[in-house]
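In what follows, chain A forms one complex with chain B and a second complex with chain C.
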Partner chain A sequence: MKDRGRRTKKAPASCRLPIAQYFAFALVLAALTGFFVAQSARAQETTPSDDEVNAIAKHLYCPVCENTPLDVCPTEACRQWRELIRQMLAEGKSEQEIKDYFVANYGARVLAEPPRAGVNWLFYLVPPILILGGAFALFSAFRAWMKPKVAESDSGREAAGASSSDDEYVRRIEEELKKRK
Partner chain B sequence: MTEETTLKKRGVPLWAQIIVWALLVGFLIMVGIGLKRASNPMAEIGGAVPDFRIVYYEGYEYNGKSEMKLSDLRGKVVLVNIWASWCKPCEQEAPELEEAWQLYKDADDVVFIGVDYVDTPEGAFGYLKKFGITFPNAPDLQSTISSILNRQMGVPETYLIDRQGVLRQVKIGPFASVAELQAFIGLAD
Partner chain C sequence: MVAEFGFSILAVSFFVAIYSGIAAAFGVKKQSSALIESARRAQLLTFPLISLAAASLIYLLVKNHFEVSFVYQVTSKSMPTYLKVTAWWGGQAGSLVFWSWLLAAFTSAVTLRKWNRDIEFLPWIIVISAITLTFFLGLVVFFENPFTRFWQDASGQILMGMNGDPIKSVFMPSGALAPFIPADGRGLNPLLRHPGMVIHPPMLYLGFVSFVIPYAFAMAALITGRADDRWIRLTRRWALWAWLFLSLGLVFGGRWAYDVLGWGGYWGWDPVEIAAFMPWLTGTAFLHSVMIQEKRGLLKHWNMLLIILTYELVIFGTFLTRSGVLSSVHAFANSPIGPMFMGFVSLSLIASVALLIKRWPELKSEVEMKSMLSREALFLLNNLLFIGILVVCFWGVISPLASELFTGTKITVGPPYYERATGPLFAGLLFLMAVAPLSAWGHSTVQTLGRALWKTFAAAAVITLILFFAYTHNGYALLGFFLVAFVLLTTLQEFWRGASARMSAQKENFFVALSRLAKRNRRRYGGYIVHISMALMAIGILGIEIFQMETQGTVAAGQSLELGEYRVEYRELASWDDIGAGVNYTRSVVDIYENGIYLGKLYPRIDYYYDSQQNMTIPGQHATLRDDLYILLVDWQPVSAQGATFKIYVNPLVNWLWIGSLLFIFGLVFAAWPDRDPAEAPVRRKVRAENKQAIG
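On to the complex of A and B.
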């Protein structure tokens, strides 16, 4: 009993320090884990995904390899530009701000379509107007071609009058030709 | 009377004529804009190089100036090297270019100018730092200078302009050695 008593008395004294150390260690471990988890969560939040980058890149064209959208261009140059888009997105730039940056630096050729400003409006307005105008002209021409046939079939008298006037005209030409002979 | 009426009916209305003419003028303006864009002055071997102005990258200057016009360099041989950080063959010649520049810079008779073709700022500064390039370098993001120099294939391309501002030689692809560069520069005289 004495021995047990001694043990029970000694045990708390000998355990105090390790328990405090365990607590301290656990606290530090928890703090570190929390820190790293927070850091990785923040990194995931601030690093835009490939899909987010490509959503903007598909509206831009590679300034080097012409007619190739930036999202599918396999060159090193385009990889650098996609990284630039990622960096700008991480900085909180909007799609329009990124496009404006690319246009300011590399020119309007990087855009999938010319900006709707100034004389560029001609590129948007002239082709559809020409198509509409052409369609209207065709429609008018078809109508004009159809009318005489309808007139001929509908009015026999008018047709007869026309043919008689044609006969008269032919007769006069023949007379003229005879005179010349 | 009936003939006149028929003629009037068959005539194209005034509003239609105005629209057709307006469209024609619009179309001609579009063609004109396209032609103007396509007709920038370009250099040819044996001909004078059209003047251009460049602004050097931050940290670079020549004779205490951070920008220059090609015409400012009359009387000197000018070597214009077009490169880009995304261009692997450019990396092959970068150390040779810097080594050659070290040979010429003190005499101030030959000027090296690096023109960075359509690049990103990070890529460009990384490249310049990596190869320790000290001769003046400038960006050509909208390919204005490379168009004037009539860039033919891609990058790297190097242009040799003589003391009178005439384009003497064009090297397509990287230089293999400093000796090759020296021989190339020697063709200016």
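On to the complex of A and C.
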């Protein structure tokens, strides 16, 4: 607020300049502005918006409350952490730098997933191995079950195949459908 | 007085439970029906006994007996009476009493049924539920007693123990003069003072506890050596109701989170949620795979294993949420509850599996698997996927604990892991949901399945193409919506085929035909309704997970925030105290516009509870079938009330999740409704007898 007030007071002074000088000044100002706009992507003078903060906070986990993403955690501590993110963004830090900072200070638990390094690979490998193992076991069981069929496919078993009233009912419906056609 | 009475009754019911178990086991051994009858009566006695203890606890809660430490923890003077009653399950000790009470009630309902030819099961069902009941009552009596009180010494000071905490005991300790009565209680966590939270835990516990009954029957079948599927037939409805309650518990929990927790979502893959989700997964697998055993006599071992797993996961889930292990492995070691639970889960798991292995040869399949595309084969695939999701969940919950225990570093396993790992498995389940109902028991080929499915497959593909050109290019979303459309069309086609056949055969109009068709086979068509509801829920989940938008900003009165097609204009804000309720309300008023058209006002607010010093964020919601506009009041300037910070979400399609949930309840109640038409039962028995002949 104060800054804005000072700027408006200065404005009349520039009005007193001759036109040529005024243009020259305006050009320099424009160039400078352009320069600052280009720079602002890295070092902004305006504070980063809540959305920019949340976009990073979303992927960080509150170091004190369990399993709460930082962007939605209502505690005072988390509000301060969000302000910290805002400050670091204003300093021009990248998302990765901010994440690294949080990991360095509060441990790997602030990340949504364990870092993919060292013993943590175990974490990522076990579920797919188990599931694929289960799938393999199931399919080998299928094959084992199906083998005897070739050897002794007698008609008695075929008859036993459609075994429930359920299917009996479906069959009748099917017949009915055929008749209609 | 009441505290001593309640505790004594609990202690008595503990011993009665032990007696009923021992008497039932000895009754079998000595072949004494008198002893078994005595066990049955002892079991029946546990229910009124625990009810009395629970009534004492509720009396203490309602009458503000803050000298009772449990009452002090979960209630305060300002809470309305109905919340004081429901505070019964708002804390650890009370919820364990609640668990025991439900178990005693359900077991009593089972022991009261007409037993006739299944009488051999009865004593073992009493034994199994008595063991479970004894465990829970033991926890309450010895470790988590809800009736312990604070005490004061001669100077009126609260009596402190050696560790610096107040001494809590039921009966007067030495050095005490009278109970110490705090002026007011701490009050229930405000997050739990929501109607959703009032219903959610009982539903979950109803589901948890009713799964004990099928487990008890399964164990009874193993112990008595009855290799047939009688236990499954006897407990089919129990399993369905258990599954309904568990599902309702999950849905109410999700709705509660959506309305109260203020993060714009309904499910955060939190370990507490997963604790309830895991038995649901095995329970769902069980409901499907028992059908294979009933129709084809296959997979007897697997069904036993599934119900054992479900039971253990029920106990494990209670353990996860109740022991404090999730916040820290060390908290687990500090509370005696954790090791007790671990011990019970391990012992019961070992005992159950040992029993299963002993009976392994007797549970051989009656027929063989014929084709990889048969209904039973596809059900097995469904089981594989459910167990796969279980593995992912279990691993995700266990890893942080293991990491803290073995490496000393805490890790977080959050939504990205679960979404990535379970996504393909859920997609597989949707695909099976579309395909499996059209495959035949025994034998199916690619040709027969293809003939049955190609039309709906093509229609779903056309719908997906329309979505691609008109709405979204997101591959995951398109795949998801394709599968949903495939399931919906295939299932609706099944209804249509059945109904139109009846229409022509019986000369009925469409609706009569549809309702008679469904009532004639409640299980099948109830199941289809559940499938449709799952597809609707999937629409909601896809919508919010893939297309959720959010923004946050601070605005002065008259300014607005924009998100998607919505504009939210901040009007005013007011803050006031409700002295009686002990709450400070800060309520904002916003106008909402869609594409410039005024829709109405919303009132996002924050409630601050003085007794527990906690905030509760209540969103303002504008719900339509297309999306939810969900506005949270995040912060405000207290002095000028000029600026307020809002967080706004647009959650597309999310209401289909709730619509699906309602349909789900209908479908399941329809399926579990007692059948008055016994026409189908004899047919099946006859066919099965022929089966046996053909094999034997």
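By definition in this document, the second predicted complex is superposed on the first by the 107 of 181 C-alpha atoms of A that agree within 3 Å, B and C clash if a C-alpha of one lies under 4 Å from a C-alpha of the other, contacts with A are read in each partner's own complex, and residues count from 1 in each chain.
Definition applied: a residue touches a chain if its C-beta (ideal position, glycine included) is under 8 Å from a C-beta of that chain, and two chains touch if they have at least 3 such contacts.
Computed from a prediction, not measured in an experiment: that's the story for all the values here.
Considering only touches as defined above, state whether A:V72 meets chain B (first), chain C (second), both or neither.
second
With both structures fitted on chain A, tell me whether chain B or chain C touches more of chain A's residues.
Larger number of chain A residues touched: C.
Have a look at where A:W81 lands relative to chain B and chain C in the superposition and call it first, second, both or neither.
Touch status of A:W81: first partner only.
Touching A:L130, do we find chain B (first), chain C (second), both, or neither?
both
Give one of first, second, both or neither to describe whether A:G107 is in contact with chain B, with chain C, with both, or with none.
both
If we overlay the two complexes on their shared chain A, which of chain B and chain C does A:V119 touch? Say first, second, both or neither.
both
Share the list of chain A residues that count as touching for chain B in one structure and for chain C in the other.
Comparing the two interfaces on chain A, one with chain B and one with chain C, the shared residues are 79, 107, 119, 123, 126, 130.
Going by the contact rule at the top, pick out the chain C residues touching chain A in the complex.
262-264, 268, 270-271, 295-296, 326-327, 367-372, 377, 380-381, 384, 387-388, 391-392, 395, 399-400, 403, 407, 409-417, 421, 425, 440-443, 497-498, 500-502, 504-505, 520-521, 524, 550-554, 615, 617, 635, 645, 647, 680, 683-684, 687-688, 690-691, 694-695
Which of the residues in chain A come into contact with chain C in the complex?
Chain A residues touching chain C: 49-51, 54, 61, 66-67, 69, 72, 74, 79, 107-114, 119-120, 123, 126-128, 130-131, 134-135, 138, 142, 145-146, 148-149, 156-157, 159-170, 172-173, 176-177, 180.
Can you list the residues on chain A that touch chain B in the complex?
63-64, 75-77, 79-81, 83-84, 105-107, 119, 122-123, 125-126, 129-130, 133
Going by the contact rule at the top, pick out the chain B residues touching chain A in the complex.
Residue list for chain B touching chain A: 19-20, 23, 26-27, 29-30, 33, 84-88, 118-120, 122-123, 141-143.
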